[in-house]
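In what comes next, chain A is part of two complexes: it sits with chain B in the first one and with chain C in the second one.
== the complex of A and B ==
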């Protein structure tokens, strides 16, 4: 127990230390200010983090926003309305979907989603924050659904029966007993899904467009954009090891790791408060 | 002919004034017969205690009456209306018929929120906050919680939680109460308080009270219904029943709390 905790701590420390070490030349030069700079032109020495950071936030929030209602609806449907004999099937299907490699989702996005967006929204290119958000929504949907279902399943039968005995109808029971009581579990599912979406690289890289530009205006999701992961994935091969460009990419990685860590500890903290 | 009509009309007025009429109620669960041909009438007000050995089907009967179990045969009329054709369906029926279970089950909310939980509509719930005191008084809990209505209900003792559940059921304004061993796991004080407050409520409502506590059944007075193996064996006024039970099974049950009704048939 203690040994494993120590080991985890050590690994985490090494990881962050390694990223910090790699990012140091860049951090020393640009520092925090780069978070708010919007221009990323590696060959001119401009490394603004804002577009990719904003892009990352946009796509993960969009994905969660799209996936959560669907996941909840699916979970409630499966749990409350499906005959118990069939419940296993949807869950199995979701687990299979969760296991498909993300690059396959990326290819599907490339072949199906992008043309669809182009034709339906009359865009020059379907590559956009919206495309990435949609694809990520599809990717986190299975996990989100399975975990929400577990949370809903955990609501005690007596609680449901008390609500029935008070004459609450199905809808009222759903909104006033089931969802509120399953909320801690659903919330951790959301945080986990956010973490997964934040770290997703290949699929996003294929559909996001990889343009380091702030959306114009800021809520415009239909333009090509960039996320932290897609930028690292696309540029790390070109950046000379040890160059400032490379160091800036390391800083992007550090930023990602810290965001993921933040989400994880948030989940941990909230989970603890439940008990 | 004339007497015939008289009897019929008297039966009809009886039926109209009786709050609950069960006719030929039978129930199977998992292929086992749990209730057979139960026929029962409750007066318009007053307590009727339902006693019988474990597994007799008392809980199942209550669950049939408020529609928690649905696949039964026979007829149940409440206030003269067939429960299967209740306007608004089973949920509306359950607002008409309050049910209090053996184990208290409060919602993980404040005491106040628990009391008004069953009231329909967000704004009506908000407005009902003023009547929280009334319901808590009816359930003999007010004095203990008046200072801490905002605290989580789970912090109350089990006995207090059960009284909170009673208050919560009363806030829906039921016209009839079904109680399934509401005091079985309670301390004597809570038991006494619940008996007293329900005794008071029974002046206006019909109450069907399942209990294993024969002393309590005797104390409560009113009517007694004795059930065994899914059948009603005997019913009558409490005093007469406990003084001189008519059937062998009832006599055995109240003397030794055992019942041999010939086994399942």
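== the complex of A and C ==
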């Protein structure tokens, strides 16, 4: 038993250790400066992380801003407005949505979302940060909704009752009591969802376009772009083991792991604050 | 209309996507898969020169199940060990450390597991792109989920069982074998089913460590590559010029979703049943 508990720590240690080991040749040569370099041309030895980093940032934030209102509305609707007999229905739906594998979302993105975007926005190609953000929003919706619902459900009955006794109407109760009280839980849900979206690979890879350059201008979401995950997914097959390109991809993986760990620790710290 | 009514209406409107999207997504997948989906599609292999394009996804289906099952088989003892450790360390700081480690591990993206696995197993240990490499990588991916579920299952046991067992003088080993495991097995099985569903739906970590596009059937040894449904969908989806390939991709996607949902919903049923029993 002690061995298996140690093993969990060992897995984490080995994972990061070997990534570091793989990324070391690149880190020694380019180091921190590569985070701000904007050109990624493996054949010319230019490995700038900025385009993929910015792309990742854009898609996860876009996904969160699209999905959060829908998820919160869904949670409030299910708890407050739906007859209790039907509440399980929406939860089942969310389980179904969560159960669809990411590659299938990718397929839907490629053959449903991209043609739609192309015809509606009159783009040459629908492959863009927007497409990836929309797809990710759909993918994190279940996590966000289920966790927000739990947070709303956990608001204590006395508080709801005293709000009613104070004569607050439904609107006020929602905005001044229910949502503020559930906020710590909702915040954790957001952080977890961000981490999930950040690490999502195949679905993003299929729709983002894999074009390694900074969006022009920086807020242009309608151009093909790249994220950290899609870059690793697209290029790791081509890069030869031991080459600088390979090492730079390992460094991208390390960067991704660091960001994900940061989000996970934030979620944990804030979760502890709540209690 | 009062303000309360307006906001209720607004919330109902915003909640509409959450209500409709699950059914719409499933319906759309089935609709696109409809033309190719029949029993022969699932139960036959593509023997011809079509590189898996034409029809028959039996090798992919068995490959997916084999890989997911091996991963769970590898992860299960470790998860069980961790959960028992957690249970026996009640009241010490070690519990918190284990939980933090698990949450860290859970936060790491699956593709990162794939990268590390590619380096460690495929190259350094020279296992090649194989079932073994993929199974170990996937085991790492599902380990935190499985452990958290087994811990939950053990924690849900009423404490008076453990207390009575202790007062009868049972030692750790006997407590585990005679009380905890017999009482908690539905919860543990639920965790395993969920881990299977998770392992079946991961694509990124096995794309470079375990699978090839075609030409692999049932592997003769654990050091041979497999083909899986997930990667099959992934490759075929990009064959824009070939309508047959895309149709097969939708068919495979529908089968994949079906298999994953079977595991996930079975887990849900089991959880409900065992939950109501122990109340």
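Rule of thumb we're sticking to: the second predicted complex is superposed on the first by the 267 of 275 C-alpha atoms of A that agree within 3 Å, B and C clash if a C-alpha of one lies under 4 Å from a C-alpha of the other, contacts with A are read in each partner's own complex, and residues count from 1 in each chain.
The rule is short, and it goes like this: contacts are C-beta pairs under 8 Å (C-beta built on N, C-alpha and C of every residue); 3 or more make two chains touch, one makes a residue touch a chain.
Please read these numbers as outputs of a predicted model, since none were measured by experiment.
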Just from the overlay, do chain B and chain C fit on chain A, or is there a clash? fit
By residue count, which of the two partners contacts chain A more extensively, chain B or chain C? C
Where does A:169 make contact in the superposed view: on chain B (first), on chain C (second), on both, or on neither? both
Between chain B (first) and chain C (second), which, if any, makes contact with A:177: first, second, both or neither? first
Would you sort A:15 into first (chain B), second (chain C), both or neither based on which partner it touches? second
After superposition on the shared chain, which partner residues are touched by A:161: those of chain B (first), chain C (second), both, or neither? first
Check whether A:107 is in contact with chain B, with chain C, with both or with neither, and answer first, second, both or neither. second
When the two structures are overlaid on chain A, which partner does A:27 contact: first (chain B), second (chain C), both, or neither? neither
Chain B versus chain C - smallest C-alpha distance in the overlay, whole Å: 9
On chain A, the residue positions that both chain B and chain C contact, one per complex: 169
For the chain B and chain A complex, residues of the former touching the latter: 66, 68, 91-96, 98-99, 101, 103, 105, 107-108, 117-118, 120, 165, 168-169, 172
Within their complex, state which residues of chain A touch chain C. 1-5, 7-9, 11-12, 14-15, 18-19, 21-22, 69-74, 76-78, 81, 90, 92-104, 106-108, 110-112, 138, 141, 145, 169-171, 174, 195, 198-202, 206, 229, 232-233, 236-237, 241, 249-250, 253, 256-257, 260-261, 263-265, 267-268
Contact footprint of chain A on chain C as seen in their complex: 2-4, 7-8, 10-15, 17-19, 21-23, 25-26, 28-29, 32, 77-82, 84-86, 88, 94, 98, 100-113, 115-116, 118-120, 123, 140, 143-144, 147, 197, 200-204, 207-208, 230-231, 233-234, 237-238, 246, 249-250, 253, 256-257, 260-261, 264-265, 268
Within the complex, chain B is touched by chain A residues 156, 158-159, 161-169, 172, 176-177, 181
